[in-house]
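Report on the following structure.
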Amino acid sequence: MIPAAFDYKRATSAAEAISLVSQYGSDAKFLAGGHSLLPLMKLRLAQPAMLIDIGRVKDLSYIKDAGSHLAIGALTRHMDVETSKVVHEHAPLLAKAASHVGDSQVRHRGTIGGSIAHADPASDLPATTLALGATYVVQGPKGQREIAASNFYKGFLESDLAADEMLVEIRVPKMQGAGWSFQKFNRRAQDWAIVGVAAWHRKGEAGVALVNMGSTPILATSVANAIAKGASISDAAALASNEADPQSDLNASSDYRKHLASVLVRRALEAASK
Amino acid sequence: MTITENKPTSVIGTRLLRREDPPLLTGEAKFTNDLNIPGALHLTVLRSPYAHAKIKSIDVSAALKIAGVIAIYTGKDLQSSWASPMPCAWPVTPDMKNPAHYPLAIDKVNYVGDGVAAILATNEVASRDALDAIDVQYEPLKAVVDLEDSLSDKNIIHTELGTNKSYTWPLLVEETPGCVEEAFKKAKYKVKERYVQQRLIPMAMEPRAIVAVPQPFGGDITLYSSTQIPHILKVMTALTLGIPEQQVRVVAPSVGGGFGSKLDVYAEELLCMALSRKHNAPVRWVEERSENTQATIQGRGQIQHVELAADENGKITAVRVRIVGDMGAYLQLVTPGVPLLGAFLYAGVYDIPKAYDFECTSVFTNLTPTDAYRGAGRPEATYAIEMAMEALARAMKIDSFELRKRNYIKKEQFPYVAFSGLTYDSGDHLLAAEKAAKMTDLAGVRAQQKKQNVPGATKLLGLGMSSYFEMCGLAPSRVLASLNYSAGGWEAATVRVLPTNKVQVITGTSPHGQGHETSWAMIAAEKLGVAPEDVDVLHSDTAISALGLDTYGSRSLPVGGVAIALACDKVIEKAKTIAAHQLECATEDLQFANGTFSVKGSPDRALPLAAIAFGAFTAHNLPEGCEPNLEAQVSYDPPNFSWPFGTHMCVVEVDTETGAVEILKYIAVDDCGNQINPLIVEGQVHGGVVQGIAQALFEEAVYDEDGNLKSSNLAEYLVPAACDVPSITTGHTITPSPTNQLGVKGIGEAGTIGAAPTVISAIIDALSGLGVTTMAMPASPQTVWKTIQAATSGGKK
Amino acid sequence: MKVSITVNGKKQEADVEPRTLLVHYIRETLGLTGTNVGCDTSSCGACTIHLDGEAVKSCTILAVQADGTSLTTIEGLAKDGVMHPMQTAFMENHGLQCGYCTPGMVMAAIGLLKENPKPTEDEVRMGLEGNLCRCTGYHNIVKSVLAAAGAK
């Protein structure tokens, strides 16, 4: 319950945060909402020597209509994404996914940037932004760069973020009226998904990503390709696990996960096609 | 005495709001870890990460250097602190094997969580940091995790015992020798079922906490502990520490739930006491949740083989049961007795002849010790008989409710002397069952089921039920003697009317959420004709309530509440003699109603209790031989167990594609005799039912083959939240107990006892069309789905 | 590290280690023991308080993160000895038994009604997904919250 001791610094700007993390390197971690990092630290599964609190970095909490996409500041809380009129209108799949993160107390504090940077394949937002073809804007000592979500997730809790880089914005393409569905299968509502599916579908085009089906969020490209080629929903859904490599754990064996994935992908596509 | 159902009276039977609530709601109430004890040292315990290992060495040098750390003790260091090993109060058989168990392991650890070192520091943070700095070298040994493996004695845990078996306990009741085997040979129908009662983690929301405070001189020590058993703890800690009992005072502050997990004598209590005396300073300890799951006792843990023999009408002719009980690594306070508390109940609510063959063998495992958890042996028994009845109904191809009706003990048969010789004092199983059926709209559900459960349907409707009764109100002391239980089953009460007509009730019960203060005040108020607000209820402090046997086993009302009523009777008797003297009449001429003694036929010749109380205090005009003051003390030993009963029913929908189960409705009809406060009774049923539902669908202490607990915190061990469980529709019947004047039976565990088989039988009913006849607990989505696959041979429909 | 936090309307200054959890700051530094610790995985919600008007789990926030904010704990609800309507609703509907989860449950419920003043039963149950109770089975907690919302 009591974390190991650490040093703590507050950054008031992205530039300051980056300069601090450059000083301390891999001993330092960013602290945004803290709802991915602090639970690990309380069990002493993570023991960073330095926490750089970016929770007060100005102007990183926003949701803007930027024309073809929504620009969401990395420090935007899940609750704000969940309730935003703009997100409901242009990226309702994301609003729905955000409403499923943890519970309402968690959603008041956790941030979309924190969740994505943490890169947990069992989290809802990495898979959802992946399905939506999002781009993540990242800032480092040499300036900003954009990383497509499909290139961002490298391994379990590993992303393309360098040690001295900070996620600053998430760009989510507008859904333009596409049908969508978020299927989160768990035993208790507050739990991580045993398997989750984020899907959208419009006129033969689909985007499907899987939660907790591998060491990273999984883009189910076989499913999307099959839909594009005119396959039926159930035939496409049968391919749900093609890109996945699910683990067996306390809640589910890997073969049950694979079965669940095809059921949930089918249900998601059916709902998204109504 | 005539027992009548409660008529609405001024207080008893009303939904009086609880006086316990305001301090709990405002945060003023003090739980043990809220107590501010200046100068307290903080204890943490370093625990073994291995289920079974030799301790080769313990190096505390680095930890001692941490600022704030005062001392670190190993098991060897503290050997001289103990006059005896940790107590087990229930040596169930004369040859029961009980390995010596000390607060810290000495040469060997026997479960993950077994304490290895005690760290004392000036603050909690330092004591926590020190845990990471202690270097223990272990030599791991093969862990014995599986019950059947333990039984085989291939790897023996406590080598000094020569076996993993702690005891074998039989209960064979035969009208004629060999009649059980005969009945099975002759049976028209028989079933043989195997069930597993998975280990559960009680998860009271308040983790255990302790503060031991030595008095500045004289050797006295006060133990504040989040405990259900202050009185038992006082005696047991004094004995284990080898100090005079009168030096120990135990106080249970507000306690945040227990469910049996705080009915124990724990290593940390003894460590806090011993170290506080050693250091002459208060010592406090609180467990973290992921520590609680391993360092606090777990519940259940059985493999059951149940057989029923029945005639052509489905009337049961014999019952045969073999159980293997999982003790865990050591015997805690009542560990060995828990499976036996259900031993008498494997024929459930059914009328059977004397043909009952029960045997339980309990074994050690390299896992957390088990002990009482809500129901303690009776949920396990009820599950077995109710699920076996379902199996029998399937074998006979008749409706299971119909089968039950053919076997229920009938109302006219009560008081019913069972095969065991125990007398079930009252009951009406058919009445409760029919009420449940009506409330469930049985016919409507079956009609809906017919419409919905067509071939190819992926959402299947199921109806489940269970009829239970339970044996609680622990307990008649001489029956406990025959079971070799080391303590009695009485309860004590003192009732005192103070000069200003305020009433003090001192009870030996120890509430932790059950509303005793409100309920006992209602009993005394009713008896004495005072307002409940004028009754003060004192409890949970052995300096104030000197006598008692505390709270567990649904005993507090049928034993403790009745003791209060009896003490009130004594007070009224004494008051009557004073009134007669002061009114100059005979005691037989007096009646007592609404708090006033009056002469029968001359209502103007009257004296209120208030006047009597004041007169007893002044002692100016008391009858010859009458002592001043108006109080009475009673120690009440109940003549029998009490036997609440009921029928639960539920409707589930199973998603066959995922295995997910949703409970659409849950109906609980329970009979706890007369109800003192229906609000509190319903609350106990709600809570008990949800724990039973959680057992059926969500919870299991999962261990890997090396004895590591995989579900070791509240993220992994699935205590459900509000959205994960249904609302509970409660009904009741009332058959007052004839063995006590209040007609009460206790209700604390009944909900849990009825629920699990209700839910599991519903799932099986939903899937019966797919050929499913069994379902393991917890019926997780994966388990349900895999069971469906196995029944349909994995083929697609 | 110095922190200045307004708690139940009163400004509090303290010097804390960075690793001090907000719940420990509330309980131990300020002595406000009404807020409880029930787990170590942010699962149980017993530690729920309001931070700048929103229900949060104080076990998953560092005290230093709360610097400059305004907190309300269970002790700050009753005014002049009069309980908050949610507290009254819990009492009238037997929404508590042992009381350990209750402060967190009450704070979460108040937050729920703030964001959804007239919830359905399902919305109440979902809204309390982050708060665990072992005693009540939730039935009367839900009843209490619906009563507080003025629903039938």
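Labels for the chains are A, B and C, by order of writing; each one numbers its residues from 1.
The working rule: a contact is a pair of C-beta atoms (placed from the backbone, for glycine too) under 8 Å apart; a residue touches a chain by one contact, two chains touch by 3 or more.
What you are looking at is a predicted structure, and each value in this text was computed from that prediction instead of being measured.
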Quiz item: Relative to the centroid of every protein C-alpha atom displayed, which chain's own C-alpha centroid is closest?
Solution: B
Exercise. Count the C-beta pairs in contact for every pair of chains, then give the pair with the highest total.
Key: B-C
Exercise. Take the average of all CA coordinates in subunit A, do the same for subunit B, and state the distance between these two points in whole angstrom.
Key: 44
Practice problem: Let me have the rounded angstrom distance from the C-alpha centre of subunit B over to the C-alpha centre of subunit C, please. | Solution: 29
Self-check item: For subunit A, residues that touch 2 or more chains besides their own
Solution: 1-2, 4-5, 43, 188-190
Exercise. At least two other chains touched by the same residue of subunit C: list those residues.
Key: 17, 19, 37, 40-43, 126, 129-131
Quiz item: What are the residues of subunit B that contact at least two other chains?
Solution: 125, 288-290, 713, 715-716, 721, 723-724
Quiz prompt | Complex interface listing, subunit B residues touching subunit C | solution = 17-18, 20-22, 24-31, 33-34, 36, 125, 203-207, 254-257, 259, 288-290, 512-515, 679-680, 682-683, 686-691, 713-716, 719, 721-725, 727-728, 751
Quiz item: Taking the complex as given, what residues does subunit B use to touch subunit A?
Solution: 124-125, 128-129, 132, 288-290, 657-658, 660, 698, 702, 710-711, 713, 715-716, 718, 720-721, 723-724, 780-782, 785-786
Self-check item: Touching residues (chain side subunit C, partner subunit A) in the complex
Solution: 1, 17-19, 21, 24, 37, 40-43, 45, 48, 51, 54-57, 59-62, 64-65, 108, 111-112, 115, 126-127, 129-131
Quiz prompt | Residues of subunit A touching subunit B in the complex | solution = 1-2, 4-5, 43-44, 185, 187-191, 194, 250-253, 256, 259-260, 263-264
Self-check item: Contacting residues of subunit C [partner subunit B, same complex]
Solution: 17, 19, 27, 31-44, 46, 73-75, 77-78, 83, 87, 90-92, 94, 96-103, 106, 121-122, 124-126, 128-142
